[in-house]
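Here chain A shows up in two complexes: once beside chain B, once beside chain C.
And then the complex of A and B:
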(Lines of atoms letter the chains of each structure in order from A and count residues from 1; the text may use other names and numbers.)
(Lines give C-alpha, C1' and ligand atoms only; values in the text may rest on other atoms or scores of the structure.)
Protein backbone atom coordinates (compact mmCIF):
# COMPACT_ATOMS: atom_id res chain seq x y z
CA UNK A 1 0.00 0.00 0.00
CA UNK A 2 1.00 3.60 -0.52
CA UNK A 3 1.41 5.83 2.52
CA UNK A 4 -1.06 8.33 1.02
CA UNK A 5 -3.83 5.74 1.50
CA UNK A 6 -3.96 6.98 5.12
CA UNK A 7 -5.87 10.04 3.82
CA UNK A 8 -8.64 7.72 2.60
CA UNK A 9 -8.90 4.86 5.12
CA UNK A 10 -9.86 4.81 8.79
CA UNK A 11 -10.56 2.33 11.58
CA UNK A 12 -13.62 0.33 10.45
CA UNK A 13 -14.89 0.15 14.03
CA UNK A 14 -14.95 3.83 15.10
CA UNK A 15 -13.77 5.76 11.95
CA UNK A 16 -10.79 7.30 13.77
CA UNK A 17 -7.34 7.87 12.19
CA UNK A 18 -4.85 5.04 11.80
CA UNK A 19 -1.17 5.16 12.78
CA UNK A 20 1.21 3.44 10.38
CA UNK A 21 4.16 1.31 11.44
CA UNK A 22 6.28 0.10 8.54
CA UNK A 23 8.27 -3.14 8.85
CA UNK A 24 9.02 -3.59 5.13
CA UNK A 25 9.03 -1.12 2.25
CA UNK A 26 10.04 -1.36 -1.40
CA UNK A 27 13.08 0.67 -2.44
CA UNK A 28 12.68 4.26 -3.61
CA UNK A 29 11.15 7.48 -2.33
CA UNK A 30 7.55 6.40 -3.04
CA UNK A 31 8.14 2.69 -2.33
CA UNK A 32 5.07 0.62 -1.54
CA UNK A 33 4.70 -0.55 2.05
CA UNK A 34 4.71 -4.34 1.81
CA UNK A 35 4.50 -5.21 5.50
CA UNK A 36 3.50 -3.33 8.61
CA UNK A 37 0.69 -2.53 11.01
CA UNK A 38 -2.07 0.05 11.14
CA UNK A 39 -3.21 0.97 14.66
CA UNK A 40 -6.34 2.94 15.52
CA UNK A 41 -5.39 6.15 17.35
CA UNK A 42 -8.56 5.87 19.44
CA UNK A 43 -9.47 2.24 20.22
CA UNK A 44 -5.98 0.77 19.68
CA UNK A 45 -7.20 -2.06 17.42
CA UNK A 46 -4.44 -3.22 15.06
CA UNK A 47 -4.72 -4.13 11.36
CA UNK A 48 -1.93 -5.99 9.54
CA UNK A 49 -0.43 -5.06 6.15
CA UNK A 50 0.72 -8.21 4.34
CA UNK A 51 2.15 -8.47 0.81
CA UNK A 52 1.24 -4.82 0.28
CA UNK A 53 -2.44 -5.29 1.18
CA UNK A 54 -3.87 -3.80 4.39
CA UNK A 55 -6.45 -6.02 6.09
CA UNK A 56 -9.06 -3.59 7.40
CA UNK A 57 -11.74 -6.15 8.15
CA UNK A 58 -13.25 -5.74 11.61
CA UNK A 59 -11.59 -8.29 13.97
CA UNK A 60 -14.75 -10.45 14.12
CA UNK A 61 -14.69 -10.92 10.33
CA UNK A 62 -11.09 -12.17 10.12
CA UNK A 63 -10.61 -15.92 9.85
CA UNK B 1 26.08 -16.38 -28.17
CA UNK B 2 24.04 -14.83 -25.41
CA UNK B 3 22.47 -18.03 -24.07
CA UNK B 4 23.10 -21.76 -24.53
CA UNK B 5 20.02 -23.78 -25.50
CA UNK B 6 20.23 -25.84 -22.28
CA UNK B 7 20.31 -22.59 -20.37
CA UNK B 8 17.12 -21.51 -22.14
CA UNK B 9 15.37 -24.77 -21.28
CA UNK B 10 16.43 -24.58 -17.68
CA UNK B 11 15.15 -21.02 -17.51
CA UNK B 12 11.82 -22.08 -18.95
CA UNK B 13 11.47 -24.93 -16.46
CA UNK B 14 12.31 -22.53 -13.64
CA UNK B 15 9.67 -20.09 -14.81
CA UNK B 16 6.99 -22.79 -14.93
CA UNK B 17 8.00 -24.01 -11.50
CA UNK B 18 7.92 -20.51 -10.08
CA UNK B 19 4.53 -19.81 -11.63
CA UNK B 20 3.05 -23.05 -10.26
CA UNK B 21 4.52 -22.40 -6.82
CA UNK B 22 3.18 -18.85 -6.91
CA UNK B 23 -0.25 -20.07 -8.04
CA UNK B 24 -0.33 -22.56 -5.18
CA UNK B 25 0.87 -20.08 -2.58
CA UNK B 26 -1.47 -17.33 -3.74
CA UNK B 27 -4.41 -19.63 -4.42
CA UNK B 28 -4.82 -18.31 -7.98
CA UNK B 29 -7.14 -21.22 -8.72
CA UNK B 30 -9.27 -20.22 -5.74
CA UNK B 31 -12.73 -18.92 -6.55
CA UNK B 32 -12.69 -15.27 -7.48
CA UNK B 33 -15.60 -13.82 -9.46
CA UNK B 34 -14.65 -13.80 -13.14
CA UNK B 35 -15.70 -10.80 -15.29
CA UNK B 36 -19.11 -11.32 -16.97
CA UNK B 37 -21.77 -9.20 -18.79
CA UNK B 38 -22.51 -7.25 -15.61
CA UNK B 39 -18.81 -6.37 -15.26
CA UNK B 40 -18.73 -5.04 -18.83
CA UNK B 41 -21.80 -2.86 -18.25
CA UNK B 42 -20.35 -1.44 -15.03
CA UNK B 43 -16.91 -0.88 -16.56
CA UNK B 44 -18.37 1.06 -19.49
CA UNK B 45 -20.35 3.40 -17.22
CA UNK B 46 -17.42 3.71 -14.81
CA UNK B 47 -14.91 4.71 -17.50
CA UNK B 48 -17.35 7.46 -18.51
CA UNK B 49 -18.30 8.77 -15.03
CA UNK B 50 -15.42 8.01 -12.62
CA UNK B 51 -13.55 11.10 -11.32
CA UNK B 52 -11.10 11.73 -8.48
CA UNK B 53 -10.59 9.09 -5.82
CA UNK B 54 -12.46 6.03 -7.07
CA UNK B 55 -13.22 2.89 -5.08
CA UNK B 56 -14.57 -0.35 -6.47
CA UNK B 57 -16.26 -2.25 -3.64
CA UNK B 58 -16.10 -6.04 -4.06
CA UNK B 59 -13.54 -5.71 -6.84
CA UNK B 60 -13.14 -9.49 -7.38
CA UNK B 61 -10.43 -10.03 -9.99
CA UNK B 62 -9.95 -6.25 -10.25
CA UNK B 63 -10.99 -6.24 -13.91
CA UNK B 64 -13.42 -3.29 -13.70
CA UNK B 65 -11.06 -1.26 -11.47
CA UNK B 66 -8.19 -1.89 -13.87
CA UNK B 67 -10.23 -0.70 -16.87
CA UNK B 68 -11.13 2.51 -15.03
CA UNK B 69 -7.46 2.96 -14.05
CA UNK B 70 -6.21 2.54 -17.61
CA UNK B 71 -9.07 4.13 -19.62
CA UNK B 72 -10.88 6.54 -17.30
CA UNK B 73 -10.26 9.99 -15.79
CA UNK B 74 -10.04 8.95 -12.12
CA UNK B 75 -6.98 10.27 -10.29
CA UNK B 76 -6.69 7.16 -8.12
CA UNK B 77 -8.42 3.76 -8.31
CA UNK B 78 -8.71 1.48 -5.28
CA UNK B 79 -10.29 -1.97 -5.12
CA UNK B 80 -11.59 -3.58 -1.94
CA UNK B 81 -12.91 -7.06 -1.25
CA UNK B 82 -13.58 -9.35 1.74
CA UNK B 83 -11.99 -12.22 -0.18
CA UNK B 84 -8.18 -12.31 0.29
CA UNK B 85 -7.69 -14.13 -3.05
CA UNK B 86 -9.56 -11.33 -4.83
CA UNK B 87 -7.39 -8.68 -3.12
CA UNK B 88 -4.24 -10.47 -4.33
CA UNK B 89 -5.56 -10.75 -7.89
CA UNK B 90 -6.48 -7.05 -8.01
CA UNK B 91 -3.12 -6.06 -6.47
CA UNK B 92 -1.23 -8.21 -9.03
CA UNK B 93 -3.09 -6.30 -11.77
CA UNK B 94 -1.73 -3.02 -10.40
CA UNK B 95 -4.89 -1.90 -8.59
CA UNK B 96 -4.38 -0.58 -5.04
CA UNK B 97 -6.08 -3.25 -2.93
CA UNK B 98 -7.64 -3.17 0.52
CA UNK B 99 -9.24 -6.08 2.34
CA UNK B 100 -12.39 -4.71 3.91
CA UNK B 101 -16.13 -4.99 4.34
CA UNK B 102 -18.16 -2.65 2.08
CA UNK B 103 -17.47 1.03 2.97
CA UNK B 104 -16.44 0.29 6.58
CA UNK B 105 -12.73 1.26 6.33
CA UNK B 106 -13.23 4.51 4.37
CA UNK B 107 -13.24 8.02 5.85
CA UNK B 108 -16.26 10.32 5.79
CA UNK B 109 -16.54 12.03 2.40
CA UNK B 110 -13.27 10.49 1.12
CA UNK B 111 -14.63 8.93 -2.06
CA UNK B 112 -15.41 10.90 -5.23
CA UNK B 113 -16.62 7.81 -7.07
CA UNK B 114 -17.80 4.45 -5.74
CA UNK B 115 -18.42 1.44 -8.01
CA UNK B 116 -20.27 -1.69 -6.83
CA UNK B 117 -21.40 -4.82 -8.64
CA UNK B 118 -22.91 -6.52 -5.60
CA UNK B 119 -23.63 -10.20 -5.05
CA UNK B 120 -27.35 -10.17 -5.87
CA UNK B 121 -28.58 -13.69 -6.63
CA UNK B 122 -31.51 -14.44 -4.35
CA UNK B 123 -30.61 -17.65 -2.50
CA UNK B 124 -32.38 -20.10 -0.26
CA UNK B 125 -30.84 -19.88 3.25
CA UNK B 126 -31.07 -23.70 3.60
CA UNK B 127 -29.16 -24.22 0.39
CA UNK B 128 -26.05 -22.02 0.61
CA UNK B 129 -22.56 -23.25 -0.26
CA UNK B 130 -20.53 -21.43 2.40
CA UNK B 131 -17.47 -20.68 0.25
CA UNK B 132 -15.91 -17.66 -1.54
CA UNK B 133 -17.99 -18.30 -4.66
CA UNK B 134 -21.13 -17.91 -2.59
CA UNK B 135 -19.80 -14.73 -1.01
CA UNK B 136 -19.28 -13.39 -4.55
CA UNK B 137 -22.77 -14.24 -5.80
CA UNK B 138 -25.36 -14.62 -3.06
CA UNK B 139 -27.52 -11.69 -2.03
CA UNK B 140 -29.50 -13.64 0.55
CA UNK B 141 -33.23 -14.34 0.30
CA UNK B 142 -34.12 -10.91 -1.15
CA UNK B 143 -30.94 -10.52 -3.22
CA UNK B 144 -30.34 -7.27 -1.26
CA UNK B 145 -28.36 -8.53 1.77
CA UNK B 146 -25.26 -6.59 0.70
CA UNK B 147 -26.98 -3.79 -1.23
CA UNK B 148 -28.88 -2.47 1.81
CA UNK B 149 -25.90 -2.16 4.22
CA UNK B 150 -23.93 -0.55 1.34
CA UNK B 151 -26.68 2.05 0.84
CA UNK B 152 -26.92 2.60 4.64
CA UNK B 153 -23.26 3.76 4.70
CA UNK B 154 -22.93 5.38 1.26
CA UNK B 155 -23.93 8.96 2.14
CA UNK B 156 -21.27 8.98 4.89
CA UNK B 157 -18.32 7.89 2.72
CA UNK B 158 -19.30 9.69 -0.50
CA UNK B 159 -17.78 13.15 -1.16
CA UNK B 160 -20.33 16.03 -1.29
CA UNK B 161 -20.38 16.04 -5.11
CA UNK B 162 -19.50 12.36 -5.45
CA UNK B 163 -21.31 9.66 -7.40
CA UNK B 164 -21.80 5.94 -6.82
CA UNK B 165 -22.52 3.59 -9.71
CA UNK B 166 -24.44 0.58 -8.43
CA UNK B 167 -25.25 -2.36 -10.68
CA UNK B 168 -28.83 -3.47 -10.02
CA UNK B 169 -30.38 -6.64 -11.42
CA UNK B 170 -34.13 -7.04 -11.79
CA UNK B 171 -33.59 -10.25 -9.77
CA UNK B 172 -32.79 -8.13 -6.71
CA UNK B 173 -35.88 -5.95 -7.24
CA UNK B 174 -35.02 -2.70 -9.06
CA UNK B 175 -37.87 -0.64 -7.54
CA UNK B 176 -37.03 -1.88 -4.03
CA UNK B 177 -33.39 -0.80 -4.43
CA UNK B 178 -34.37 2.67 -5.71
CA UNK B 179 -36.90 3.12 -2.90
CA UNK B 180 -34.29 2.08 -0.30
CA UNK B 181 -31.68 4.50 -1.72
CA UNK B 182 -34.14 7.43 -1.84
CA UNK B 183 -35.13 6.75 1.79
CA UNK B 184 -31.44 7.20 2.70
CA UNK B 185 -31.26 10.71 1.22
CA UNK B 186 -29.86 9.71 -2.14
CA UNK B 187 -30.86 10.78 -5.63
CA UNK B 188 -31.05 7.84 -8.04
CA UNK B 189 -30.84 7.96 -11.83
CA UNK B 190 -30.42 5.11 -14.33
CA UNK B 191 -27.43 5.76 -16.61
CA UNK B 192 -27.21 2.41 -18.45
CA UNK B 193 -29.41 -0.62 -18.95
CA UNK B 194 -29.21 -3.99 -20.70
CA UNK B 195 -31.76 -6.80 -20.96
CA UNK B 196 -30.95 -10.49 -20.87
CA UNK B 197 -33.27 -13.52 -21.05
CA UNK B 198 -33.62 -13.85 -17.27
CA UNK B 199 -32.83 -10.39 -15.95
CA UNK B 200 -32.43 -6.72 -16.75
CA UNK B 201 -29.24 -5.08 -15.53
CA UNK B 202 -29.22 -1.36 -14.73
CA UNK B 203 -26.49 1.00 -13.61
CA UNK B 204 -27.93 3.32 -10.99
CA UNK B 205 -26.03 6.60 -10.43
CA UNK B 206 -26.50 7.65 -6.79
CA UNK B 207 -25.71 11.15 -5.53
CA UNK B 208 -26.41 13.20 -2.40
CA UNK B 209 -29.86 14.76 -2.72
CA UNK B 210 -29.69 18.55 -2.74
CA UNK B 211 -32.15 20.86 -0.95
CA UNK B 212 -33.61 21.89 -4.30
CA UNK B 213 -35.07 18.43 -4.86
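And then the complex of A and C:
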Protein backbone atom coordinates (compact mmCIF):
# COMPACT_ATOMS: atom_id res chain seq x y z
CA UNK A 1 0.00 0.00 0.00
CA UNK A 2 1.03 3.59 -0.52
CA UNK A 3 1.56 5.82 2.49
CA UNK A 4 -0.90 8.32 0.97
CA UNK A 5 -3.71 5.85 1.64
CA UNK A 6 -3.65 7.15 5.21
CA UNK A 7 -5.44 10.26 3.92
CA UNK A 8 -8.64 8.30 3.31
CA UNK A 9 -8.40 5.08 5.32
CA UNK A 10 -9.91 4.74 8.80
CA UNK A 11 -10.92 2.19 11.43
CA UNK A 12 -13.92 0.24 10.08
CA UNK A 13 -15.40 0.04 13.58
CA UNK A 14 -15.34 3.62 14.86
CA UNK A 15 -14.05 5.53 11.79
CA UNK A 16 -11.13 7.13 13.64
CA UNK A 17 -7.70 7.72 12.06
CA UNK A 18 -5.16 4.93 11.82
CA UNK A 19 -1.48 5.06 12.81
CA UNK A 20 0.96 3.32 10.48
CA UNK A 21 3.86 1.18 11.60
CA UNK A 22 6.05 -0.01 8.73
CA UNK A 23 7.82 -3.37 8.96
CA UNK A 24 8.88 -3.63 5.33
CA UNK A 25 8.98 -1.13 2.50
CA UNK A 26 10.04 -1.35 -1.14
CA UNK A 27 13.14 0.60 -2.11
CA UNK A 28 12.96 4.05 -3.66
CA UNK A 29 11.17 7.26 -2.97
CA UNK A 30 7.56 6.74 -1.93
CA UNK A 31 8.15 2.97 -1.93
CA UNK A 32 5.14 0.74 -1.35
CA UNK A 33 4.65 -0.57 2.16
CA UNK A 34 4.64 -4.33 1.87
CA UNK A 35 4.33 -5.26 5.54
CA UNK A 36 3.22 -3.39 8.62
CA UNK A 37 0.38 -2.62 10.97
CA UNK A 38 -2.37 -0.02 11.05
CA UNK A 39 -3.59 0.83 14.56
CA UNK A 40 -6.74 2.76 15.44
CA UNK A 41 -5.87 5.93 17.30
CA UNK A 42 -9.07 5.59 19.33
CA UNK A 43 -9.98 1.94 20.05
CA UNK A 44 -6.49 0.51 19.53
CA UNK A 45 -7.64 -2.25 17.17
CA UNK A 46 -4.86 -3.36 14.81
CA UNK A 47 -5.09 -4.16 11.11
CA UNK A 48 -2.25 -5.99 9.36
CA UNK A 49 -0.69 -5.07 6.01
CA UNK A 50 0.25 -8.34 4.36
CA UNK A 51 2.01 -8.62 1.02
CA UNK A 52 1.24 -4.94 0.44
CA UNK A 53 -2.50 -5.33 0.98
CA UNK A 54 -4.13 -3.79 4.06
CA UNK A 55 -6.53 -6.16 5.78
CA UNK A 56 -9.19 -3.80 7.10
CA UNK A 57 -11.74 -6.48 7.89
CA UNK A 58 -13.29 -6.03 11.34
CA UNK A 59 -11.80 -8.60 13.75
CA UNK A 60 -14.96 -10.75 13.74
CA UNK A 61 -14.60 -11.31 9.99
CA UNK A 62 -10.97 -12.38 9.88
CA UNK A 63 -10.00 -15.94 9.16
CA UNK B 1 -31.33 -13.86 2.34
CA UNK B 2 -30.95 -17.17 4.07
CA UNK B 3 -27.88 -19.17 4.84
CA UNK B 4 -25.59 -16.31 3.84
CA UNK B 5 -26.81 -14.18 6.72
CA UNK B 6 -24.07 -15.83 8.68
CA UNK B 7 -20.89 -14.07 7.62
CA UNK B 8 -18.69 -17.07 8.30
CA UNK B 9 -20.85 -19.10 5.93
CA UNK B 10 -20.62 -16.34 3.38
CA UNK B 11 -16.83 -16.48 3.46
CA UNK B 12 -16.79 -20.24 3.05
CA UNK B 13 -19.24 -19.94 0.19
CA UNK B 14 -17.09 -17.33 -1.58
CA UNK B 15 -13.97 -19.42 -1.33
CA UNK B 16 -15.55 -22.15 -3.45
CA UNK B 17 -17.70 -19.85 -5.51
CA UNK B 18 -14.79 -17.67 -6.65
CA UNK B 19 -13.34 -20.55 -8.64
CA UNK B 20 -16.27 -20.68 -10.99
CA UNK B 21 -17.55 -17.13 -10.61
CA UNK B 22 -15.98 -15.62 -13.73
CA UNK B 23 -17.32 -18.54 -15.74
CA UNK B 24 -20.88 -18.17 -14.50
CA UNK B 25 -21.08 -14.44 -14.20
CA UNK B 26 -20.90 -13.44 -17.91
CA UNK B 27 -24.07 -15.43 -18.58
CA UNK B 28 -25.98 -13.22 -16.20
CA UNK B 29 -24.14 -9.96 -16.70
CA UNK B 30 -21.90 -9.74 -19.75
CA UNK B 31 -19.45 -7.22 -21.24
CA UNK B 32 -22.19 -5.42 -23.11
CA UNK B 33 -24.33 -4.92 -20.00
CA UNK B 34 -21.27 -3.89 -18.03
CA UNK B 35 -20.29 -1.31 -20.65
CA UNK B 36 -23.82 0.07 -20.70
CA UNK B 37 -23.67 0.47 -16.91
CA UNK B 38 -20.28 2.17 -17.25
CA UNK B 39 -21.93 4.77 -19.51
CA UNK B 40 -24.50 5.48 -16.79
CA UNK B 41 -21.68 5.63 -14.23
CA UNK B 42 -19.97 8.30 -16.36
CA UNK B 43 -16.65 8.50 -14.51
CA UNK B 44 -13.85 10.93 -15.34
CA UNK B 45 -10.27 9.70 -15.66
CA UNK B 46 -9.10 11.37 -12.48
CA UNK B 47 -12.10 10.37 -10.37
CA UNK B 48 -11.29 8.42 -7.24
CA UNK B 49 -13.47 5.31 -7.57
CA UNK B 50 -14.15 2.53 -5.06
CA UNK B 51 -15.21 -0.90 -6.37
CA UNK B 52 -16.95 -2.74 -3.51
CA UNK B 53 -16.99 -6.50 -3.83
CA UNK B 54 -14.51 -6.24 -6.68
CA UNK B 55 -13.84 -9.96 -6.44
CA UNK B 56 -12.23 -11.49 -9.47
CA UNK B 57 -12.13 -8.12 -11.23
CA UNK B 58 -14.70 -8.40 -14.03
CA UNK B 59 -16.10 -4.92 -13.40
CA UNK B 60 -12.74 -3.50 -12.31
CA UNK B 61 -11.40 -4.29 -15.77
CA UNK B 62 -14.20 -2.25 -17.35
CA UNK B 63 -13.71 0.60 -14.89
CA UNK B 64 -10.06 0.88 -15.92
CA UNK B 65 -11.22 1.86 -19.41
CA UNK B 66 -12.69 4.99 -17.85
CA UNK B 67 -10.53 5.85 -14.85
CA UNK B 68 -6.78 5.79 -14.19
CA UNK B 69 -6.92 4.05 -10.84
CA UNK B 70 -9.46 1.86 -9.01
CA UNK B 71 -9.70 1.21 -5.28
CA UNK B 72 -10.85 -2.39 -4.97
CA UNK B 73 -12.38 -3.81 -1.80
CA UNK B 74 -13.44 -7.36 -1.06
CA UNK B 75 -13.88 -9.46 2.04
CA UNK B 76 -12.27 -12.49 0.50
CA UNK B 77 -8.64 -12.89 -0.41
CA UNK B 78 -9.56 -15.96 -2.48
CA UNK B 79 -11.67 -13.75 -4.77
CA UNK B 80 -8.71 -11.39 -5.26
CA UNK B 81 -6.28 -14.08 -6.42
CA UNK B 82 -7.68 -14.03 -9.95
CA UNK B 83 -7.66 -10.24 -9.94
CA UNK B 84 -3.95 -10.27 -9.00
CA UNK B 85 -3.13 -12.21 -12.14
CA UNK B 86 -5.09 -9.70 -14.26
CA UNK B 87 -3.83 -6.46 -12.74
CA UNK B 88 -0.81 -7.32 -10.58
CA UNK B 89 -0.81 -6.68 -6.85
CA UNK B 90 0.46 -3.13 -6.96
CA UNK B 91 -0.52 -1.19 -10.03
CA UNK B 92 -3.58 0.68 -11.21
CA UNK B 93 -5.78 -1.41 -8.94
CA UNK B 94 -5.29 -0.79 -5.23
CA UNK B 95 -6.48 -3.78 -3.20
CA UNK B 96 -8.04 -3.65 0.26
CA UNK B 97 -9.75 -6.30 2.32
CA UNK B 98 -12.81 -5.03 4.12
CA UNK B 99 -16.52 -5.32 4.87
CA UNK B 100 -19.10 -3.50 2.73
CA UNK B 101 -21.23 -2.80 5.79
CA UNK B 102 -18.33 -1.33 7.78
CA UNK B 103 -16.17 0.46 5.24
CA UNK B 104 -12.62 1.39 6.32
CA UNK B 105 -12.74 4.79 4.59
CA UNK B 106 -13.34 8.31 5.85
CA UNK B 107 -16.39 10.40 4.93
CA UNK B 108 -16.42 11.85 1.40
CA UNK B 109 -13.28 9.94 0.34
CA UNK B 110 -14.50 8.99 -3.14
CA UNK B 111 -15.96 10.70 -6.20
CA UNK B 112 -17.88 7.59 -7.21
CA UNK B 113 -18.61 4.09 -5.97
CA UNK B 114 -19.38 0.98 -8.00
CA UNK B 115 -20.60 -2.38 -6.74
CA UNK B 116 -21.73 -5.19 -9.01
CA UNK B 117 -22.65 -8.75 -8.19
CA UNK B 118 -22.08 -8.28 -4.48
CA UNK B 119 -25.21 -6.86 -2.82
CA UNK B 120 -26.99 -10.21 -3.01
CA UNK B 121 -24.56 -11.62 -0.45
CA UNK B 122 -24.69 -8.85 2.14
CA UNK B 123 -26.55 -9.67 5.35
CA UNK B 124 -27.74 -6.06 5.70
CA UNK B 125 -27.84 -4.25 2.32
CA UNK B 126 -29.22 -1.00 3.76
CA UNK B 127 -26.29 -0.74 6.19
CA UNK B 128 -23.91 -1.12 3.25
CA UNK B 129 -25.79 1.48 1.18
CA UNK B 130 -25.57 3.94 4.10
CA UNK B 131 -21.84 3.36 4.18
CA UNK B 132 -21.69 4.02 0.42
CA UNK B 133 -23.47 7.34 0.94
CA UNK B 134 -21.05 8.23 3.72
CA UNK B 135 -17.78 7.59 1.84
CA UNK B 136 -18.86 9.23 -1.44
CA UNK B 137 -18.78 13.01 -1.79
CA UNK B 138 -22.10 14.86 -2.05
CA UNK B 139 -23.22 14.92 -5.67
CA UNK B 140 -21.21 11.76 -6.38
CA UNK B 141 -22.61 8.62 -7.99
CA UNK B 142 -23.26 5.24 -6.40
CA UNK B 143 -23.99 2.41 -8.85
CA UNK B 144 -25.17 -0.98 -7.62
CA UNK B 145 -25.89 -4.03 -9.78
CA UNK B 146 -27.86 -6.88 -8.28
CA UNK B 147 -30.08 -9.71 -9.43
CA UNK B 148 -33.67 -8.84 -10.28
CA UNK B 149 -36.26 -10.96 -8.51
CA UNK B 150 -37.07 -13.95 -10.75
CA UNK B 151 -40.55 -14.36 -12.18
CA UNK B 152 -40.77 -18.14 -12.03
CA UNK B 153 -41.82 -19.52 -8.68
CA UNK B 154 -39.31 -22.36 -8.68
CA UNK B 155 -36.49 -19.82 -9.03
CA UNK B 156 -38.09 -17.59 -6.41
CA UNK B 157 -37.86 -20.38 -3.87
CA UNK B 158 -34.23 -20.91 -4.71
CA UNK B 159 -33.59 -17.18 -4.68
CA UNK B 160 -35.18 -16.73 -1.28
CA UNK B 161 -33.16 -19.62 0.10
CA UNK B 162 -29.69 -18.58 -0.98
CA UNK B 163 -29.46 -14.89 -1.66
CA UNK B 164 -31.12 -11.54 -1.89
CA UNK B 165 -33.06 -10.69 -5.02
CA UNK B 166 -35.06 -7.51 -5.39
CA UNK B 167 -37.19 -5.65 -7.89
CA UNK B 168 -37.18 -1.93 -8.72
CA UNK B 169 -39.66 -1.14 -5.97
CA UNK B 170 -37.59 -2.89 -3.33
CA UNK B 171 -34.43 -1.26 -4.68
CA UNK B 172 -36.10 2.13 -4.29
CA UNK B 173 -37.08 1.25 -0.70
CA UNK B 174 -33.55 0.20 0.20
CA UNK B 175 -31.92 3.28 -1.30
CA UNK B 176 -34.44 5.63 0.28
CA UNK B 177 -33.97 4.01 3.68
CA UNK B 178 -30.22 4.46 3.24
CA UNK B 179 -30.73 8.21 2.66
CA UNK B 180 -30.55 8.52 -1.11
CA UNK B 181 -32.99 10.89 -2.79
CA UNK B 182 -32.19 10.64 -6.49
CA UNK B 183 -32.21 7.14 -7.92
CA UNK B 184 -32.79 5.49 -11.27
CA UNK B 185 -33.30 1.76 -11.75
CA UNK B 186 -32.58 -0.14 -14.94
CA UNK B 187 -33.33 -3.75 -15.77
CA UNK B 188 -30.63 -5.43 -17.84
CA UNK B 189 -31.01 -8.79 -19.49
CA UNK B 190 -28.68 -10.66 -21.82
CA UNK B 191 -31.53 -12.10 -23.82
CA UNK B 192 -35.18 -12.95 -23.32
CA UNK B 193 -35.49 -15.67 -20.70
CA UNK B 194 -32.05 -15.03 -19.23
CA UNK B 195 -31.70 -13.98 -15.58
CA UNK B 196 -32.23 -10.26 -15.21
CA UNK B 197 -29.91 -7.83 -13.49
CA UNK B 198 -31.12 -4.66 -11.80
CA UNK B 199 -28.80 -1.66 -11.92
CA UNK B 200 -29.42 1.31 -9.65
CA UNK B 201 -27.70 4.64 -10.25
CA UNK B 202 -28.02 6.93 -7.22
CA UNK B 203 -26.70 10.39 -6.42
CA UNK B 204 -25.37 11.17 -2.95
CA UNK B 205 -27.46 14.04 -1.51
CA UNK B 206 -25.78 17.37 -0.84
CA UNK B 207 -26.50 17.17 2.86
CA UNK B 208 -26.61 14.22 5.20
CA UNK B 209 -30.01 12.68 5.90
CA UNK B 210 -33.13 14.55 6.97
CA UNK B 211 -32.10 17.31 4.62
CA UNK B 212 -35.05 19.32 3.40
CA UNK B 213 -33.12 21.15 0.73
CA UNK B 214 -33.71 20.60 -2.95
CA UNK B 215 -31.91 17.43 -3.98
CA UNK B 216 -30.85 19.03 -7.23
CA UNK B 217 -31.87 18.98 -10.83
CA UNK B 218 -33.40 16.00 -12.54
CA UNK B 219 -30.98 13.58 -14.11
CA UNK B 220 -31.13 12.71 -17.77
CA UNK B 221 -31.83 9.08 -18.46
CA UNK B 222 -29.42 6.69 -20.11
CA UNK B 223 -30.08 5.03 -23.43
CA UNK B 224 -32.26 2.44 -21.72
CA UNK B 225 -35.53 3.50 -20.18
CA UNK B 226 -35.69 3.63 -16.40
CA UNK B 227 -38.20 1.13 -15.10
CA UNK B 228 -41.58 2.21 -13.86
CA UNK B 229 -42.17 1.81 -10.22
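The rule is short, and it goes like this: the second predicted complex is superposed on the first by the 63 of 63 C-alpha atoms of A that agree within 3 Å, B and C clash if a C-alpha of one lies under 4 Å from a C-alpha of the other, contacts with A are read in each partner's own complex, and residues count from 1 in each chain.
In the analysis below, contacts are C-beta pairs under 8 Å (C-beta built on N, C-alpha and C of every residue); 3 or more make two chains touch, one makes a residue touch a chain.
It should be emphasised that the depicted structure is a prediction, and the values quoted were computed from it without experimental measurement.
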Inset, instruction - Give one word, clash or fit, describing how chain B and chain C relate on chain A after superposing. - result: clash
Inset, instruction - Go through the superposed model and pick first if A:35 touches only chain B, second if only chain C, both, or neither. - result: neither
Inset, instruction - With the two complexes superposed on chain A, say which partner A:57 touches: chain B (first), chain C (second), both, or neither. - result: both
Inset, instruction - In the overlay, answer first, second, both or neither for which of chain B and chain C A:20 touches. - result: neither
Inset, instruction - Mind sorting out which residues of chain A both chain B and chain C touch, each in its own complex? - result: 1-2, 5, 8-12, 15, 51-58, 61
Inset, instruction - Give every residue of chain C touching chain A within the complex, in rising order. - result: 7, 11, 48, 75, 80, 89-90, 94-99, 102-107, 109-110
Legend entry - chain B-facing residues of chain A, complex: 1-2, 5, 7-12, 15, 51-58, 61
Inset, instruction - Give every residue of chain A touching chain C within the complex, in rising order. - result: 1-2, 5, 8-13, 15, 32, 47, 51-58, 60-61, 63
Legend entry - List of chain B residues in touch with chain A within their complex: 53, 78, 82, 84, 87-88, 91, 96-101, 104-108, 110-111
